[in-house]
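By letter and in written order, the chains are A, B, C, D and E; residue numbering begins at 1 in each of them.
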Amino acid sequence: MTDAPLLRISNLAVEFGPKKNPLRVIEGVSFEVPVGGSIGLVGESGSGKSVSSLAAMRLIPEQSGRIAEGDIELMGRDLLAVPASEMPKIRGSEIAMIFQEPMSSLNPVMTIGDQIGEALMLHGEKDKKRRRERTIEMLRLVGIPNAEGRIGAYPHQFSGGMRQRVMIAMALSCNPRLLIADEPTTALDVTIQAQVLELMKRIRRELGTAILMISHDLGVIADICDRVVVMYAGRVVEDADIRSILTRPAHPYTRGLLRSVPRRNDTSDRLFQIPGTVPVAGTIKRGCPFRSRCELAEAQCEREMPPMFKFEGDQRAACWVTAREASAAEPEVKV
Amino acid sequence: MLRYILSRLIDTVPTVLMVLTMVFIAMRVLPGDPAIAALGDLATADQLAEFRERMGLNEPMLTQYLTFVWNMLTLDFGQSLMNGRDVSGLIAYNLPYTIELTLSSVFLGVIVGVPFGVWAATNPNKAPDSAMRGYSLIGYAVPDFYLGALLLITFSLNLGWFPINGGGDGFADRLYHLVLPAITLAFIKSAFLGRLTRTAVLEVMGRDYVRTARAKGAREKRVIYRHGLRNALLPLTTGLGLSTLSALSGSVAVELVFNRPGLGQLLISAIAERDYAVIQAGITVFALFVVAINLLMDLAYVLIDPRIRVK
Amino acid sequence: QTSDTLVIALSARGLRTIDSAKSIQGADEWAIIHIFETLVMGPEGRFPTTVDEVQPALATSWSMSDDATEWTFEIREGVQFHKDYGELTAEDVAFSLGRLIDPDILGVRAALFQNASSVTVEGPMTVKITLSQPDPLFIIGPMLHHSASVISKAAYEEKGPEAFETDPIGTGPYQLEEVAQDPSMGVLLTAFEGYWGDQPATPNLRVRYISDTTARTLALLSGDVHMIEGVRAPGWVPSIQQRAGDLHFDTASPGSFFTVSMNMTVPPFDDQRVRQAVAYLIDRDTIAEAMAPISQRTWGLNPPSFPGGFNGETIPEEVRYDYNVERAKELLTEAGYPDGLSFDAYTSQREDYSSISLMIQEMLRAGGIDMNLELKDHTAFHADQGTGTNTLFQRSSAYPPVPTLAITDQLSVENEVQSDGSGGPNFSHYGADGNGIDDLLAEAMAEPNLERRIEKVQEIEVKFLTDMPMLPVSTNAYLIVRAANVDLGYEQESGFAHWRLDKATIN
Amino acid sequence: MPAAEALPPEPSTWKMVYEALTARPATIVACIFVLFFIVVAVFAPLIAPYDPLQQSILSVNQSPSSEHLVGTDQFGRDVLSRLIFGSRNSLIFGFVSPVSAAIIGTILGVTAGYFGGLTDRIISRVIDMLLAFPELLLAILIAAVLGGGFWNVVAVLTVAFTPGFARVARASTLAVRQEPYIEAAVAVGLRTPKLIIRHVVPNIAAPVVVLTTLWISSAIRLEASLSFLGIGTQPPQPSWGNIIRDGLNNLFGSPWPIIGAGFLITIVVLSFNLIGDALRDALDPEVGR
Amino acid sequence: MSDPILTAEGLGKTFGGDTGLFGKSGEAVRAVDDVGFSVARAETLALVGESGCGKSTLGRLLLRLIDPTDGVIRFDGKEITKLSPSQMRDMRRHLQIIFQDPFGSLSPRRSIADIIAEPLEVFGLERSRRKRRDRVAELLDRVGLPSAYMDRLPRSFSGGQRQRVGIARAIATSPAFIVADEPVSALDVSIQAQIVNLLQDLQRDEGFSYLFIAHDLAVVRHIADRVAVMYLGRLVEIGPKDAVYNLPQHPYTQALISAAPEPELDGPNTRIVLEGDVPSPSNVPKGCAFNTRCPLAQEVCRRERPLLREVAPGQMAACHFAEPNPVKLQPRGDPPAT
């Protein structure tokens, strides 16, 4: 198992709602994060990006949802077989996560120092002084000025960008192998976003932490990631290295997405637009979820969900039409 | 923070003044002549006049008002019109009974209600939650005086386990006399606090920072108590304040049912007898009590919520 | 409870005053009669029916002048006041009685002692009371009343009138030990060692005030107290008997006279026919039956057991007012109310008042009269009624067997109710138009011969019953429920709404 | 775009309410109870076997029998009939005070919340002060001034409830006022009164309605408390509170009035609470108590 | 710029800071400070800047949804800052706004027909109900929604569809000037283009002028004729789109433009990363507001507030060091990860 990926998600399905009449919000989701790699997860709002990543942490809210199908492996270890009481050991130390909302993701009644210290304590650092030192070190690392002076501060005394950096410091404090970042910059301004993105890149470079970056912004992904997984309505529709995605996207949705973003050298009068509206994840029971908005849609798209065809290189996409055109290979496993 | 506390303290000044003004107006509008109420229907006109003179009921309203406010603020409540006893003494005697009833019932309510609520919140839609729901629904529905009467009949009268009435003397005896009345109110308080805890904890448990705590690797117990309950404290403090206030007003009927001494008993008697001096003192003390509880709650927020503390 | 303290709980919210002359609430009198004594007393457990039955107390002997206007008392020697306030002298007696007739000092009991014009010290141990009109029954009337108690002049002057109200000094078998802060704990009395008579059988006596009926009842049943003031409401006695069969029920009959007065100055009661209709509609037999066993119906103001009181046989036909709805409706029609009428009234929350008023309300309804009734606290009720604001007034009041007393109190013009509250309990304003019984009353009062006086009284009764300013309804015996293990030491039959407990023992 | 059919059917408010009320068996039972009590209260004279005031001195304190299903009280009045008529007082009370308070409170709250400034400060100050007082204490105080009696107490509780509604209405208005659609309406040139009626009131209605339901049960309980304290409904008119009060005084005569009235209060309050909870879940998950 | 439809001069707005009844005073926030510009007919002026810099406040000021603390606004030559409330109400026919939040800006309990008809009703444009409905149908058609939807409540619509309703309401009275306050930033990427296109189509057909507020620089570049950049309540740069994008004068503009990630493979190399956070608008730094974060800041920047001045034709910047060939900030981004 030497070259096993750090995280492998295969054929994952998550349901919400009553067991009798569940809503499958993601289905057949498969992707891998290699050791030290950097994977981007893009897609429209509600396409299942967060749910997929929460599933990897086994943090799907128990009351309303559950993992219905699929496997999640962390370094070859079957995460779904780990008893629930063992998960806390893995969370934070093996996989850490930062969330979209820097404003609400920190506990408002605990000091910054305590919150980072807690993570350290939970993963074995019992010595108070060393915890403090490490906390300061982490805050320095993420570029909080006057770190010593600010460990006693409360989250509300920090700006959004600083809070997001605190979140990152907390997530990194136990040297996780994998950092899941769920839209870490969406709530931030452009100039602050730039700071955070730079920080993430540095961390990956210096600490070798693998990153699973979730965003709806292809620009952000392009900046950070080696590889991109594109989701649409609860399914993975394309999975390829960043270069392929940007230069020759295989799925019509990915293509549309790229074209509808105004570019620097774009001189056309009108933007390219994908017609129609985004379906709610899980409501499309049959066929390709993108077909109603797809220029290329055919009869087959109505009937059958396309499998992930293997395209040139390491590129995979779920489209009958483009696969045929590119004479892409049939997938090894049919979904 | 000091500034906040100070400004909150200053804030109570107009409130207290307004309360006193309301009490004063109410007292002067009260139908019935205090003099007759005090002296009985056999008093002569001269005696009545003499009485009014003595009580300052003949003074101009403004003078009466100023005297009133001053007296209330200096806790000089005058003499009972009924038996000439010092009202301050009456209050001083009765107040501890009401306080011990209120506080012990809130205390019982907290130690039963809060864990129950947490238990329900951490098992939503399961048996503990249903039990909480049933408990709180009944707790909300049973009138305190009715529950008190049932307990009294069952445990004091029929089983003879608890005293029938009075407030008791000495620590142990007072505690003994307190059991049933406190349980009566505590049942209702615990239902309220339990439900509130459940809602607050459930709400907090859905917050992003709780997810963060889990993502950090905190175990469920830690998540619930360190992150969940700690943040639910703010709504809980409000609830605690409300339930202290409602225990205070519930104490009126309960004091009556259990025939305990107390502010409620004193006030209701005074209202019935139109003992002006006692009514205005009783209401003022009740009102100050209410203002004080509200103030305490606000100050508690400061301790609990750093967002207020630092500002 | 230990057996050295006898506890009695009465229906009141708390102590008002223990000054014998200032008492305005019956419950306080239980303490008063044990702390203080009067010059003479009735036979044990009942009112005296004749002057001969009157017993010596602080006076050892007395005499009446022939014209019944002068009463001379010889005071007992060697009687000690409580708490070292010295020996009783004629001075103390004269002072005590003197303040009753001096409006400058007191004046509260003016009505009862109106007739007394002076009190004089005739010798170190002799006191003389002079009356303005002859009263052969003076010693079984005012002199038996607790307000005629003797207090220590020295103590009163030393403490001042106000302090004396909660720190009284008398000569009785018990002295005041403490007034508890908690009104429901009332007052504690302890045996007075220097008492001239027999020492009390039980060393301590506590008089508690528990106004809530349930609480009081429960206190008795749980053994917290030995005696409670009973509830004068329908069904109460049988129901409590069911709960505890071995309780004793001590009553003082006839007890309180329950009357309803109608304000003759305002419609609809300004019409005699309406008032008579009300009288016909009130079924007094049913009320008495409902209130059994403590209630007796009355025909006139004086109950049958009083000298001159009418009974079912002796009451003249025209003023019998037997229950008769038809007759009432006729009268109402004649008065111009063929479809009935309605009026507002209020009553006291106290059970005897509210029960009887509710029954009356129900009975009037049968005749088409709607009485909208509001219930008030007992004290407030008295205060309000004392200003004449009710329409159908009720009064429940005990009188000694002196036939003119109740009449003077409730029907004479001088006791006409006043809007400032300074008047008396003549709520109907009877006689204010000059057409009352005042002349007849004056004649009766001037009549030294007892039998002729009684004839006059009966004449008065017939006259007012015809005019119907007020309907005597019933007498309701004062009721004390006593635990099985408490022995009173004598039989209680009649008297005021309080009796001595110094012979009572707890077994 | 053939999307017209693609839209899910519009869920109407009534339908949501209906679904909320029929979601749980307990709520259905509660609705049935409430309907039952409303029917009983409305048709009390037809349903009650006896006149509730009719005394029968010769048959007092009877135990339940075929003639008197819940027995008689110390005046021989039929307890069942008194309970039936008592439901009238409880329900009239339960509805009148909260509904009047809701109307007055909403007007005050919306005014304060929408206009802000000095108006808001004055109204809020008074609201805060009244709010500081538990309803029962306030009611006792005002009842002491006005004297007791049914309508006085209705007025008292209306005053006592109003600040609660005003606060909720004010808070909701403040929230709604921040909503862009209000600004949109201003931008469109709508005049203020119309704007408030069209855009503010409908959007604060849900919490107010939910609060009203919840207050109904409180009102019923408070009426009972006040009548128990002797300040509410005056005898001989029956109310569940004074039936218990009289019943306690006559405890050894017959326990049935206490048992009956206490049971009914509990059931009715419970039912209204269940309905209020269900409505809250359906209409306005935000409002808490 | 010969015929501006709307001009603002010295516009300023201060929130709070007033003394209360009990002597409490809030913190004063200078949300907009001394802003002046004009918008020509059928022109789109885009306004960019960081969150909280006062973009929305400025937009609202222009429509007098809030009253300015100081400054003058002229619409079509008329000084609208002087109008009485009722005159202003009439004026609103010509001045409309589209909001960022497609969920919040539609009254949740009114059908979309009612929502769109409201301005028609207020200005008495279509008196009869029938006619109004016809006009609503027309407008819905115009914004690309089937008129069959018109009796539905907003909640049945997706964000993009709601935004179309908002646009229909704004154009119902055929206004001359529309403030579009971040109209696409709440929408999904694949929907944004639809709305941007719709706005452009409408402008072409009806000749509206837009003040287009946005933080997405890519969208701005696509839609704007001219761009204005705001920082802490002040305009720091304004000029023709191409000039501003290609040769930004103000260091802040430079940083902003370089920092916006684009889905390009070479993107990150040129990024300028600024230090620190945006200061609070209640505590604006002295001198040049940007001096705390500016890599070029000198003593003068901390002392003196730079005024907006023309640096290149039609392009103005508020920087002491702005010149036709501005000092270029050096990218300080890290090399791309491998």
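Please note the rule applied: contacts are C-beta pairs under 8 Å (C-beta built on N, C-alpha and C of every residue); 3 or more make two chains touch, one makes a residue touch a chain.
Bear in mind the structure is a predicted one, so any value in this text is a computation, not a measurement.
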**Message:** If each step moves to a chain the current one touches, what is the fewest number of steps from subunit B to subunit D?
**Reply:** 1
**Message:** When contacts are scored as defined above, which chain pair ends up with more C-beta pairs, B-C or C-D?
**Reply:** B-C
**Asked** In terms of CA centroid distance, which chain is the most far removed from subunit E?
**Response** C
**Request:** Determine, using the mean of C-alpha atoms as each chain's centre, which chain is farthest from subunit A.
**Result:** C
**Asked** Where the CA atoms of subunit A average out and where those of subunit D average out, how many Å apart are those spots?
**Response** 51
**Request:** Mind checking the centre-to-centre distance between subunit A and subunit C? Centres are C-alpha means, answer in whole Å.
**Result:** 93
**Fill in**
Multi-partner residues in subunit E (2 or more other chains touched) are none
**Prompt:** Multi-chain contacts in subunit D: which residues touch at least two other chains?
**Reply:** 1, 3, 147, 230, 248, 251
**Prompt:** Of all residues in subunit A, which are in touch with two or more distinct other chains?
**Reply:** 277
**Prompt:** Okay, in this complex, where on subunit E does subunit D touch?
**Reply:** 21, 60, 63, 65, 89-90, 92-93, 95-97, 99-101, 104-110, 118-119, 122-123, 144, 146, 148-149, 152-153, 156-157, 166, 169
**Message:** Help me check something: in the complex, which residues belonging to subunit E touch subunit A?
**Reply:** 50-51, 158, 160-161, 188-194, 196-197, 200, 215, 217-219, 221-222, 245, 255-256, 259-265, 267-268, 271-274, 276-278, 293, 333-334, 336-337
**Request:** Mind listing the subunit D positions that touch subunit C in their complex?
**Result:** 53-55, 57-58, 60-61, 74-75, 147-149, 230, 234-236, 248-254
**Asked** For subunit B, which residues are in contact with subunit A within the complex?
**Response** 124-125, 206-209, 211-219, 222, 226-227, 230-231, 233, 304-307, 310
**Prompt:** Which residues of subunit C touch subunit D in the complex?
**Reply:** 213-214, 217, 231, 233-236, 238-240, 242-243, 286-287, 289-290, 349, 351, 354-355, 358-359, 361-362, 365, 373-375, 377
